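Presented sequentially are two complexes of subunit A, the first with subunit B as partner and the second with subunit C.
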Partner chain A sequence: MGRFVLRRLGTMLLTIFVVLFINFALIHLAPGDPIRILSGLDNPSEEMIQNLRERYGLDKPWTIQFLTYLKQLAHGDLGRSIINDQPVGPQIFEKLTATLVLTLTATIAAFVLGTVLGTFSAFHYRSKLDAILSFFAYLFYSMPSFWLGLMLMLVFASWLKILPTSGMVSLREQQQGLGYVLDVVRHLILPSTTLALVYAPVYYRITRASVIQTLDEDFVTTFLATGLSKSQILRKYVLRNAILPTVTMLGLHLGYVVTGAALVEIVFAWPGMGRMMLDAVFRRDYPLLTGIYLMISVSVAIAIFITDIIYSVLDPRIRYS
Partner chain B sequence: MKATYLWNRFRQSSYGLVGLILLAVILMVAAFAPFIAPYKPNELTNDLLAPPSFKHFLGTDHLGRDVFSGVVYGSRVSLLVGVTAAIISAILGTMIGALAGYTGGIVDELISKFVDIFLMIPTFFLILIVVVLYGNSLFYIMLVIGGTIWPANARLMRAQALTLRERAFVKAAITLGESQFRILLKHIIPNGIYPIIANTTLQMAGAILTEAGLSFLGLGDPNTPSWGKMIFEGRSYIQTAWWTSFFPGSAIVLTVMAFYFIGDGLNFALNPKLKEKGAWE
Partner chain C sequence: MTKRIVAVILLLALIFSVAGCGGNKSTSPAGEKTGQSETSSPQKGGTFILAYPGDPISFNPDAKIDDFGYSIEQSLYNKLVTLDADYKVIPDLAKSWKVSDDGLTYTFELNRGVKWHDGKPFTSADVKWTLEAIIANKGVAYTNLKVIDKVETPDDFTVVVKLKEPSSPFISFLAWYGTFIMPKHIYEGTDWLTNPANEKPIGTGPFKFVEWKKGDHVTLEANKDYFRGSPYLDKIIYRMIPDSNTAVQALLNGEVDMSITRPPLSQLESLKKAGVKVDTFPAPSRYYLMFNLRRDPLKKLEVRQAIAMAINRKEFVEKALHGLGSEGWGFYTPAIDWAFDKTAKAPPFDTKKAEELLDQAGYKKGADGIRLKLTLPYFTAGQDWTDMAQVIKANLAAIGIDVQLQGLEIAAWSQKVGQNHDFDLALLNGFQGPDPDNMRNRFGKDGSIQFMGYNNPEVDKALDEGAKATDLQKRAEAYHKIQQILARDLPIVPLGEVVSLYVYSNKVHGLSIHPEAKGKITIYDFSKVWLSK
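Presenting the complex of A and B:
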């Protein structure tokens, strides 16, 4: 077990490093001069250019800049935004909370919805309901998340007027305590439903396939022959085996949530990382971009690492592969 | 014989045929766009934000462009991006995966590690950064999508090559002194390509969604009519003119679904373990 954990830890760190490197190289080889944007002038003086270059270390070769960046990271410093001169770390963390609230709600909802319906479908394999559920899984799996968001917003916010269109709180009536929480929940419903509906088919399909396959195994036939009831077999033996692949998917998704939600956040003006990411991209704010990308890659790598460990506890076979 | 068997299995899959028919219709629309669309995609008519009517089947947008014509012409961009990006990914993935699996040793180790790591990186953000930094022409978008999604194919092909190189006919070819390159091209790749074909169909769907997402962020090719861009532009008028974003979005859903149907049908055909009936009944 110890060796397995160590090996996975190594892969995780290597992944983070590679991501940092790709990201850093990409941005520094790209056309476009941040100094010109920074100076805010059409024709900045030589002196000003020189000062700005030195201030942000842009005068050094990119290998040195990369090493400097890594050194700063080791001290917990993610750098300063080129646009507003604020430290990047706190800016990202400020937005991270809103993103996590949205994406975790959506992921959990998708997981529960997908696995429950998937198990149901597998149990009623080839029934009419299975066919209907499978079709809807295809339908939502094929939808662009931002478009589904727009349509839900149109129906529930604009036409029926039962839910707010955008934002995280009502700006007109600022609330405190429980009122605040309820207000956030009301704003959370549409964006998290959108994401949950787009993610749920993934879990549904995996669970369904996995349960169907497990039901086909010899031990199930044996149990059926010994007279064990179907629901008992399902509860005690089938689900335990069939749920494993979904756990892997959950880990992958928990990592992806941070980027995956960006488009939906933009549709609903949810104050998370999505909008900030877009702004950073358009303004060529290098430190902010590398900071966001670092956060994402770290969260993905950690999520996959944790999933691997959980998986290996649930299914010891994996450790020896 | 294999082809007939696969076709029969494909037909037995739940949605394979539906997908094929759907795709055929979309292909026809794309091919005959100028004859189907009543207006030019960028033609500005005098009706602004007009609701669906006999004159404009699916209404018009804020500049008076006919939504139906936009949807018809938009199919070309979506299909082009989806197919090209997925084929780039298939070629890269097949070559690299076959090389890794067939050669083995340190080459395999390095490639596999790289592929594993690449699969863990969230691709949408990477594609987004590249498109913003290096330009958003259609050609570039296809190249970047294809260049980031190939590792999944490489992994599939590697697994195929690993088993194929132990097979008698490959060993025979080695004994006969065929060159490594020829063995890869003539024996390994043709015999291991099937899972890649199924996955490529699924990747076409993914690439179409990615292009739509980029266009929705205003990062699509500014010179071509695309479904994602129509939704992006219609977003501001969603309250008063729902048709400007509803119909292009529906077109995306139908096209993506067609590819998923075909991909799953192919997977079903290729995987003899998947049965028509479970033991449960």
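Presenting the complex of A and C:
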């Protein structure tokens, strides 16, 4: 097991480096110059543009810029944003809490909702209920998240007036302590429900397919013949086998929670990582973007690693040498 | 069991479909519709919450162009002189100023008793430092201020600015952009891009900085020692709501009092019906179509004239702008009336004549009815740009020109149109005030946003004449001449005049166009705003 871990760490580092290089190259090669974008279209000043380009090292070829970045990174320095001159690390870190509150809640809710309904559907395979649930899964999967978010906002915030419209906290009456937590929870309901509804169908379909397949296996027929109750079979034997693909999906998904969810964040004015990343892309803020991509690749690499470990725990047939 | 579930599902589907269409059933944000502020007197206190389109880059007002920062900075800082809602220069930190007869020396007398938010006194040294820093660091206003030769401060409340050559636009540019006065005692000797005051600003303005939660909100509180009197409001909160639909809902649900995030133009009518105030006022910005004069069909004047004659401006204003704006026929903005020449007009709408011109120019209709194929890249900065591009496409299709639309994000558009000049037609708008010398950027040979490849020495000569002349009449003549030349050469086709928008609940009074504040404050200065209960 130990050697496996070491080998894995090695491939992880290599992967992260390759991802970093590809992302760095892509954003630098994409059309658009951050300083020209910054100077806008009303009254751009050539001197200001030239001055800033030199300051940020943007007049050098991108390969040189990459090497400079690596040198900085080796000292633990993620650089400063081209747009606001603030250090990249703290900016990313600041956004993590708000982002994770949203995406973790939504991912776990989607997982629970999708898995429970998927199992239920598989058990009632080919019934009318199964058909209706499958239809809704398909519907929510194809629904654009920003549209769904806006619809939920219209119904619950504007029409029924039982939930806040947008944001993470109330700004009119600012709360402290427990009141603050409850305020955030109230504001969290609509955006996380939106996300959970668009994420859940994937878990639903994977679980449903996996349970149906497992139910088909010989050992289940054998158990039924021996007179074991259906619920016992489900709980003790079927689920543990069927859950494996879903766990893989969840692991990967959890790796991506740090990315946030840009569209939902924009609709609900939630101050998360997704929006920050999208803005950084539009402004070509290379240091901030590279920092974010680095964080995402590390997060996903670790998540995949942990998922593999958990998988081997759940399934004794898998052994890593 | 199944039937009940089906019933619930159908009910939800019904709710959703009804929610999407139709107007809002919510009551107006303040209940009764009170009239404007004529009879009521200002009430003190309250928190003014605004829906704001995005985070500032930083609170350094002069280092980088920062559209989102600019509005907030108008509450935190002051300039020497500023622009009122009609774009006329009015006093700010300078209570009066004199210009010498040769146009080279400007003497500003500063207001006394002005304090920075940290209590230190404001003096002429701050002005000198700021102007010199903008020039030395190549700040935003560098191009407008590089005409300064030196800045002298004979005493704490007088600033003398000496120019290298006379420049009539100088005072307007000083009032315009990137010229907020910054505190010397905080910034001197530091790198103004990384100074911590960029995140915790110290200014002289009517509001003081409280906190900035990035991506979420910016909070300011009243500066009780403001030199023009304490504001009525206690606090202002700029709430970051980038999505225009969300901003509309937040306004209707009473969570914000005003929206600087521009609502979708198609929703303005329903906002008005719900009791929200929508005030428009002219902006010196206009929408226009650019021709790439480097390319073949567009090199011919007849082709440009034909295209100009095919534009249906009525449709443009109705369909693309939803009635928010007016038809644009002239070659400068009518909002700067002293320089506007209403006799210089684009050719009238006449599709028959347009088709004749194209025939004469040798572009006859092919078997598919198409004479020419032209590309039109536009930036996807909002639904209105997409709609504008569609209207142009339809107008030109009527005379046999097939327009290929390319929607691009701003960065890619800037590169394609601005750097590589890879386009036939392109759409643009932008601020053309506060002084007509601004035409230099869009029509001068080396204009920074002159993408057409236009080069007419007569225009450049007239621009220089206008900048050097000190008599308003002579300046107006020079700018009228330019407009006549543009009407003849047609490097662009004017489309529509932009209108600025205030969208706010009827509890808000004292905005820059309201009677009690008119002519005294600049657009996003909220020092005279008060909220009725």
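Methods note: the second predicted complex is superposed on the first by the 273 of 321 C-alpha atoms of A that agree within 3 Å, B and C clash if a C-alpha of one lies under 4 Å from a C-alpha of the other, contacts with A are read in each partner's own complex, and residues count from 1 in each chain.
Operating definition for what follows: a residue touches a chain if its C-beta (ideal position, glycine included) is under 8 Å from a C-beta of that chain, and two chains touch if they have at least 3 such contacts.
Predicted model, so just to flag it, every value in this text is computed and none were measured.
Residue contacts after overlaying the shared chain place A:266 against subunit B and subunit C alike.
Legend: residue contacts after superposition of the two complexes on their common chain; A:182 is shown touching neither subunit B nor subunit C. When the two structures are aligned on the shared chain, A:85 is found in touch with subunit C, with no touch to subunit B.
When the two complexes are overlaid on their common chain A, residue A:151 makes contact with subunit B and with subunit C alike.
When the two structures are aligned on the shared chain, A:112 is found in touch with neither subunit B nor subunit C.
When the two complexes are overlaid on their common chain A, residue A:45 makes contact with subunit C while staying clear of subunit B. In the superposed model, A:166 lies in contact with subunit C only, and not with subunit B. Shared-chain residue A:142: touches subunit B; no touch with subunit C. Residue contacts after overlaying the shared chain place A:126 against subunit B, while subunit C stays out of touching range.
Once the two complexes are overlaid on chain A, the subunit A residues touched by subunit B in the first and by subunit C in the second are 30-32, 146, 150-151, 153-154, 158, 266-267, 282, 284. If you check the complex, the residues on subunit A that touch subunit C are 30-34, 36-48, 50-52, 55, 80, 83-86, 91, 94-95, 98, 128-129, 132, 136, 146, 150-151, 153-155, 157-159, 161, 164-169, 171-172, 266-269, 271-272, 275-276, 279, 282-284. Across the complex, subunit C meets subunit A through its residues 1-2, 5-6, 9, 15-16, 19-20, 24-26, 47, 49, 54-55, 57-58, 64-65, 67, 137-140, 142-144, 146, 177, 193-194, 198-199, 213-217, 237, 239-243, 245-246, 249-250, 252-253, 255, 409-412, 414-416, 418-419, 428, 430-431, 438, 441, 448-449.
Residues of subunit B that touch subunit A in their complex: 14-15, 113, 116-117, 120-122, 124-126, 128-130, 132-134, 205, 209, 212-213, 216-217, 228, 231, 235, 238-239, 242, 245-246, 249, 252-254, 256-257, 260-261, 273, 275, 277-281. Contact residues of subunit A toward subunit B in the complex are 11, 14-15, 18-19, 22-23, 26-27, 30-32, 123, 125-126, 131, 134, 138-139, 141-144, 146-147, 150-151, 153-154, 158, 212-213, 215-216, 220-221, 230, 255-256, 258-260, 262-263, 266-267, 277-278, 281-282, 284, 289, 293, 296-297, 300-301, 304.
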